[in-house]
Amino acid sequence: MAKLYFRYAAMNAGKSTALLQVAHNYEEQGQRVRLFTAAIDDRFGHGRISSRLGISREAETFDNGFDFEAALGTGEGLACVLIDEAQFLLPEQVRQLHRYAQTRRVPVICYGIRTDFRGEPFPGSIYLLALSDDLEEMKTICLCGRKASMNTRVDQHGVRVREGAQVEIGGNERYLSVCARCFYRG
Amino acid sequence: MAKLYFRYAAMNAGKSTALLQVAHNYEEQGQRVRLFTAAIDDRFGHGRISSRLGISREAETFDNGFDFEAALGTGEGLACVLIDEAQFLLPEQVRQLHRYAQTRRVPVICYGIRTDFRGEPFPGSIYLLALSDDLEEMKTICLCGRKASMNTRVDQHGVRVREGAQVEIGGNERYLSVCARCFYRG
Amino acid sequence: MAKLYFRYAAMNAGKSTALLQVAHNYEEQGQRVRLFTAAIDDRFGHGRISSRLGISREAETFDNGFDFEAALGTGEGLACVLIDEAQFLLPEQVRQLHRYAQTRRVPVICYGIRTDFRGEPFPGSIYLLALSDDLEEMKTICLCGRKASMNTRVDQHGVRVREGAQVEIGGNERYLSVCARCFYRG
Amino acid sequence: MAKLYFRYAAMNAGKSTALLQVAHNYEEQGQRVRLFTAAIDDRFGHGRISSRLGISREAETFDNGFDFEAALGTGEGLACVLIDEAQFLLPEQVRQLHRYAQTRRVPVICYGIRTDFRGEPFPGSIYLLALSDDLEEMKTICLCGRKASMNTRVDQHGVRVREGAQVEIGGNERYLSVCARCFYRG
């Protein structure tokens, strides 16, 4: 199980819940995990992983300058590394984590989205998708009933926005998960 | 997405959490779901789906006499059926749910374990595995670090038990999820 | 990778082709594999694995009395065991193979169908589904365009048959792979 | 089933065999498919999809200027589009195929590798991984017995090469599929 995992989904599929569950599974067996989330995502407070089901928990944060290898050390006594909002990793950080999982034999499980509101991949997601030893989709639903796999951004009136910066932190009020058919139909 | 799904895992992988998350995803979009759990499993009170993360919620219950087709009706206005402890379904009930999902076009998502403490399949699981249109494993870990896929039963002294009734309701104190290698090694 | 795998599919999905490809992948690297098929299936000659693409190859055969543990020995120098028509395994043989893969650390990859023409599981498939460490569906298509997951039997006039013996060896002229929706609609 | 699929694997996993099998499955039911491969890959002759098992077949070719939407038309009477060597698609071509699958309701199944000999993703693979509605890994093995997921390039003496152009067409004599652990260890 010492591999790099990428659990990807559209927004609001339950990625943080799944991450917190895995942490619980390890800790219940007396094993030690480390949790990370992106410093940039402060919707729920800095360094906090929050599930829409109402559970939340503190986590370490990473930003562009963060050195995972230095932070994680030899991996001695570490059962698992869990990373939320992993689309915000830099390509070099993903490479670092892949090498770490494989050579230190500690599973690294990343949760994130694949593409932004324009359907363009995040730099971190590109490398997570290209290198992960195990890709698994977490499913959620589009309003039309199909599987949502894309994300759209809306303005304050709920109107779909098609241009703008890739990163704009927001929740349900700014983003809508949709299936690919609805994404292209507009 | 109108299919029969079986999400299987060893005990304590987080199946109930995942079920409650899916219910939340649907309801957040204003869609209606129905939740079921086995009447026989009253660890957390009759008709209650409880996650080890601390979330829980009421559910309808099924027993051997329960008629899902009668209970679910035409499926009009129903977005999804979610069933916990699905290993306790009867074979006929699984067939009923498969036909229902396919002909009424309502997704039915079942969560359960595959085998008992002797490595023998539950009658309901046999048909869930044989008929489901979509099988997905939820992973948890063995004490040895490998993926747990089997369940063992222990007595009050923590000693492994190899004979007894297939069904004996209990939680962490009676059951231990293990990988197949540890299962056979004893 | 030393696990029990079950690659299941409706009939005519390309299971034998996939098996022959895996054998080729191992042998191209100078590794040794052993191939088995059911003695009962003599459509292409006794002990022959044949792909509808036109490739075929000799294989050892198993019947109800076959002892895999005795036949496979310690696993020394053996890279992989490949079994076609695995639905014809006995439950005890599946258990044997599971234990073998896990304790001798030789991957065992089984290919087979889940259910018969009535939608009833084969005894071997029940245990393959219940015990395999890795389940993967191979997809093929129904005439209606959906994924075929069920099998139907037809008589010499092409009329669907609903009763009869579970096992009746035959190919395209006796069996039709269909999706679950078409299966129930008849 | 009208989705964009990406079946990815290291080199020499059997991708072309799988593609030819799917084509056969459709055609056996009297349905029409179209096959494409990269013009740049002329190892087996221009416009030819060849399996290491010895089967091969003609295919249309795509290059950077190829317009899939124009070539495929309305999709009327077309059951499936199959694309080999899909890592050589341009990002815009992947987008085109995704939109085509979703709006014309014709499944598009792409086969390709994720990363080059340096572990860098191909531009086409980036978009296939980011947009595909269904990702599935095809597995092959490293000499060490683990799952191979990466590719290495060797020179004429069998020595690993770490720098050079991303694309250099070659087969078994130039490329070796390895697991991530062997990839990083060198």
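Just so it is clear, A, B, C and D label the chains in written order, and each chain counts residues from 1 on its own.
Rule of thumb we're sticking to: a contact is a pair of C-beta atoms (placed from the backbone, for glycine too) under 8 Å apart; a residue touches a chain by one contact, two chains touch by 3 or more.
Labels paired with UniProt names: A, B, C, D = Thymidine kinase.
Note that the structure is predicted; figures quoted are calculated from it, not measured.
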item: Lowest number of touching-chain links that must be crossed from chain B (Thymidine kinase) to chain D (Thymidine kinase); value: 2
item: Inter-centroid spacing, chain D (Thymidine kinase) versus chain C (Thymidine kinase) (mean Cα positions, whole Å); value: 27
item: Gap in Å, rounded to a whole number, between the CA centres of chain C (Thymidine kinase) and chain A (Thymidine kinase); value: 38
item: Touching two or more other chains - residue numbers and ranges from chain B (Thymidine kinase); value: 147
item: Chain contact graph, described as a line, ring, star, complete graph or other shape; value: ring
item: Chain C (Thymidine kinase) - residues contacting chain D (Thymidine kinase), complex; value: 1, 12-14, 17-18, 20-22, 24-26, 28-29, 31, 51-55, 79, 140-141, 143, 145-147, 172
item: Sites on chain B (Thymidine kinase) touched by chain C (Thymidine kinase) in the complex; value: 3-4, 95, 98-99, 102-103, 114-115, 119-121, 125-127, 129-131, 133, 135, 137, 147, 149, 180-181, 184-185
